[in-house]
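In what follows, chain A forms one complex with chain B and a second complex with chain C.
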Partner chain A sequence: MRGVAGMIRSMRRYLRIYGRLAAASVRSQWQYRASFALYSASQLVATLAEFGAIWALYARFGSLPGWRLSEVAVLYGISNVAFALAEAGARGFDVFPGMVRTGDFDRLLLRPLPTAFQLAAHDVQIMRVGRLAQGAAILVWGCMGLGIGWDAARLTLLALCVVGGACIFAALFVLQATLAFWTIESLEVVNIVTYGGNQMAQYPLTIYRPWFRLFFTVAVPLAAINYVPLAALLSRPDLSGLPAPLNWLAPCVGAPFLAACLLIWKLGERHYASTGS
Partner chain B sequence: MAQIEVRGLRKSFRAPLRSAGPFGALKDLLHRRTRTVEALKGITFEIDAGQIVGCIGPNGAGKSTAIKIIAGIMNPDGGEATVLGRTPWADRIAHVRHIGVVFGQRTQLWWDLPVIDSFALLREIYDVPRREYEQTLADVVERFKLAEVLDSPVRQLSLGLRMRCDLAAALLHRPSILFLDEPTIGLDAVSKLALREAIRDWSAERGLTVLLTTHDMDDIEDLCRRVLLIADGSLLLDGAIDDLRRMSSARRTLMIDLAAGVANVELEGAELVRREGDRLWLEYDPEQVATHELIARAAAAFPIRDLTVADRPIEEVVAQVYRDAP
Partner chain C sequence: MRPYLAVMRTRCRLLLQYRAAAAAGLATQVAWGFLRLMILEAFYRAGGPAPMTLSQVSAYVWLGQAFLAMFPWNVDADVRDQVRTGSVAYELARPIDLYSLWFARALAMRTAPTLLRCVPLLAAALLLFGMPGPASATSFAWFSASMLLALLLACALTVILTASALWTISGDGASRLLAAVALSLSGNIAPLALLPDWLGRAVVLLPFSGIVDLPFRLYSGNIAPEGAWLVLLHQSVWTVVLVALGRSMVNRGMRRLTVMGG
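== the complex of A and B ==
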């Protein structure tokens, strides 16, 4: 029992510190209000244009084979809300390669907190609300258009999808940053699975080639947080071809995927300590 | 008992060799070549509680590597280190709770926030009880004269003030050991004096152990009774500042102001090292020629208006030692 109480205490401490650090980031950004407003607005416009493209596709060609616009909107919404949440929390990992180059990462090592936690709490950006707001709006619109009964189970599943998706995108940011422990070269190539993954997840998986589907189901399990659970939401198990319980449980892969990436992060940190560069 | 014990610490790095030319980067990508740099070749020392120890050495000599290992942000290849009974790199989080670190070149404060907000965040991070924090805060504010700047954003502070805030920030969790990496770099004379005073007083009153690296010999003369000289990965000297003087030849400088334009300034037993108009700097070895003897010779040789005898500036001593280092 002592162990559990201690764990709860340290969890609460971490949450409190995360809150304080996030609030500090927001206060820092608030010093540059104009930049904040412009960035949020430009993000909103950019992401609206993105969904506009999907809408235009439907207006012109009627439909993707077998897919209604509201269903695509749900896929799109889950992916973008998850991505926006991950981006807000994982911004520190985004700037991490620069911190290694300048030596600022050493400062994090001098504080009595795990480095991954400090990076997650570093420079939390609420400017990204643009993508979040737009993704959420389209998600709600899509959900209402599905014409299904929204019971507690389905709402929970939807929340799990968003959380699981945020975990996966965050894990990808962590993975990308981890590479900087080994090389200071630019790692834009990983954007293929982060930004590219978000783009991919906005469309139904069936429109892609089999190898591509397999990659985003097994290697980077993005399909598990929107395409597969959509089968459960719509009560159409034929969509995923999996046993029904799996459709419901699929979003849970997000957390272990993130945990695995954090373990790789630990390896990177150990490597850094022995090379110092 | 010693607070810091270091035995035979070794560390080497593999540095990539870069090819020149327009296709150099491509060539390196296909065929990586590295060379091994031995940053530390086995250094050993101990530091007791309450000491202020200065660590000097040429750039790239290994002193930052040594500090990084002791501070817990790097593993050595071999050797041992114990700081407050812990191995720093094995138990990083427990270790850093009890040390404070200030880098002269970068701040650990939040750039856009008022100083007091940074302090409050550090209280959370180090989990300092509120009562204890408030007491320490009152102490550092009074001691480092920070009352007026607490509400200013860090980016608006002068470098001197910012360094004092950084020092205060590193002391809020009441560390037993303070590491300072070039704390006075870039500061004006007044700020340097203020910072040194703060460090000296705090250490004297609370028995704080301080290990600092610097290139400013005045830091060493003002603060440290003990010097570690690291050059080329080895500990060349562990002793008092006078031992450092004795390491190079014990030469002194005789500065003479001549009365009028004298062309020939040769003097037996001394070497003319510099001349500006009527002012001469002559170096000599007091073992070879006694100071009063040399002054008598000079007085006989040219019309003198004034003269002073000085130890060689410590900078020159250090430069000499660095040059002579293997």
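== the complex of A and C ==
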């Protein structure tokens, strides 16, 4: 029992520190209100255009064989809300290669907090609300159009999908930064699985070629946070071909995926040799 | 003309140094091309009539990936920093025209990375990924002419994005918003011909289609060579308008600019 109480205490401590650091970054970004408004607006335009393209293709072709627009909207919404949540905390990992290059990372190592935690709390981006708001709106619209009964189990599953997706995207941002321990520069290639993964997850998995499907099911399990659980939401186990309970549990892979990436981060950290002088 | 050519040449030489970044970017753009193509293919399986054939769409997508770096999606970071730190004042002391200087820098910024990426990507797409060749020699000639105008149009927009820094000073929110609008309306997200007719017909009139949509449709013959002069007219008119706009922005911005520091 003592162990559990201690864990809760340390978790509350982390949450408090995270709250303080996040509030500080929000205050600093709030100083540039016009820039904040314009940046959010630009994100809103970009994401609106993305969904606009889906809508336009539906208008042009009548349908995507086998898929209603509301179903695609749910896939789109889950992925974008999850991505926006992960992105808010990813800024630190984004600037991390620069920290390695200049040696600034040494300072983080001196502080009595895990480095991954410090980076996640570094410069929390409120400007991501553009994508978040738009994704949430599309998600709600899609959910209402599905024509299914929204009981407590389904709502919980939907929340799990968003959390699981945020874990996977966050894990990918961590992984991208981890590579910089070895390469000292940021690797644009990883954008294929972050931004590309988000784009991929906006459409049903079945439209892609087999090698592509396999990659996003096994290597980067994004299918598990929206396509597979959609089978449970719609009560159509034929969509995933898995036993029904697995469809319900699929989004839970997000947490271990994040944990595994954090372990790799620790490995990279041990490999770190300062470049600073 | 000489100083501007010299600026452009040195900028190009600098930008061509980043070969590893170009290789990484190439892999990203190939993967992205496959993703876009698979999505569009899925819609074509519905089998309805479409104003573009699937092979025309394939050419469109791969051309889009090959010439992505040419699109005016970012500002000239060096000029932005000059404006922020005030060192842009030194540029005013030089006996050259500021707009032309920025335009020459934009030309380098839009051509060097594009050249580095488009040749290998197009080769791979044509030989390995089933991208169709140009519809005919005439189509290809018109496409080439149109791409040159697209480049000028992209540079005119780049200078406008960069010049917006004269107003915002800190933060690049305005230029990002403009770039997002331009990208959405250019055909980079979905070919404009596949939009609902009323929307597509309106969007095509805007300048952004001249950088992506119109030249690519010339390549695949989706716009026949007989209609090519209209495309070139569209691009020329917009280039003239945007150069005039950019020039007046730079002039007005410089007049109100206060240089800080001593």
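Note that in this section the second predicted complex is superposed on the first by the 270 of 277 C-alpha atoms of A that agree within 3 Å, B and C clash if a C-alpha of one lies under 4 Å from a C-alpha of the other, contacts with A are read in each partner's own complex, and residues count from 1 in each chain.
Just so we're on the same page, a contact is a pair of C-beta atoms (placed from the backbone, for glycine too) under 8 Å apart; a residue touches a chain by one contact, two chains touch by 3 or more.
Quick caveat: nothing in here was measured; it's all calculated off a predicted structure.
In the superposed pair of complexes, A:46 makes contact with chain C only, with no contact to chain B. More residues of chain A lie in touch with C than with the remaining chain of the pair chain B and chain C. In the superposed model, A:274 makes contact with chain B only, not with chain C. After overlaying the two complexes on the shared chain, residue contacts for A:117 are found with neither chain B nor chain C. Of the two partner chains placed by the overlay, only chain C lies in contact with A:208; chain B stays clear of it.
Of the two partner chains, chain B is the only one that A:104 touches; chain C does not reach it.
By the touch criterion defined above, A:141 reaches neither chain B nor chain C. Judged by the touch definition given at the top, the superposed model places A:24 against chain B, while chain C stays out of reach. Within the superposed three-chain model, A:35 lies in touch with chain C and out of touch with chain B [touch as defined at top].
Only residues 13-14, 65, 68, 71-75, 77, 89, 92-94, 96-97, 99, 101, 103, 106, 108, 110-113, 117, 120-121, 124-127, 153 of chain B touch chain A when the two sit together in their complex.
Partner chain B is touched in their complex by these residues of chain A: 13, 16-17, 20-21, 24, 27-28, 31, 102-104, 106-107, 109-114, 273-277.
Residues 32, 34-39, 41-43, 45-46, 48-50, 52-53, 56-57, 59-65, 187-189, 191-192, 196, 199-200, 203, 207-209, 212 of chain A touch chain C in their complex. Here chain C touches chain A in the complex through residues 21, 24-25, 27-28, 31-32, 34-35, 38-46, 48, 50, 168, 170-174, 176-177, 179-181, 183-185, 189-190, 194-196, 199, going by the rule given at the top.
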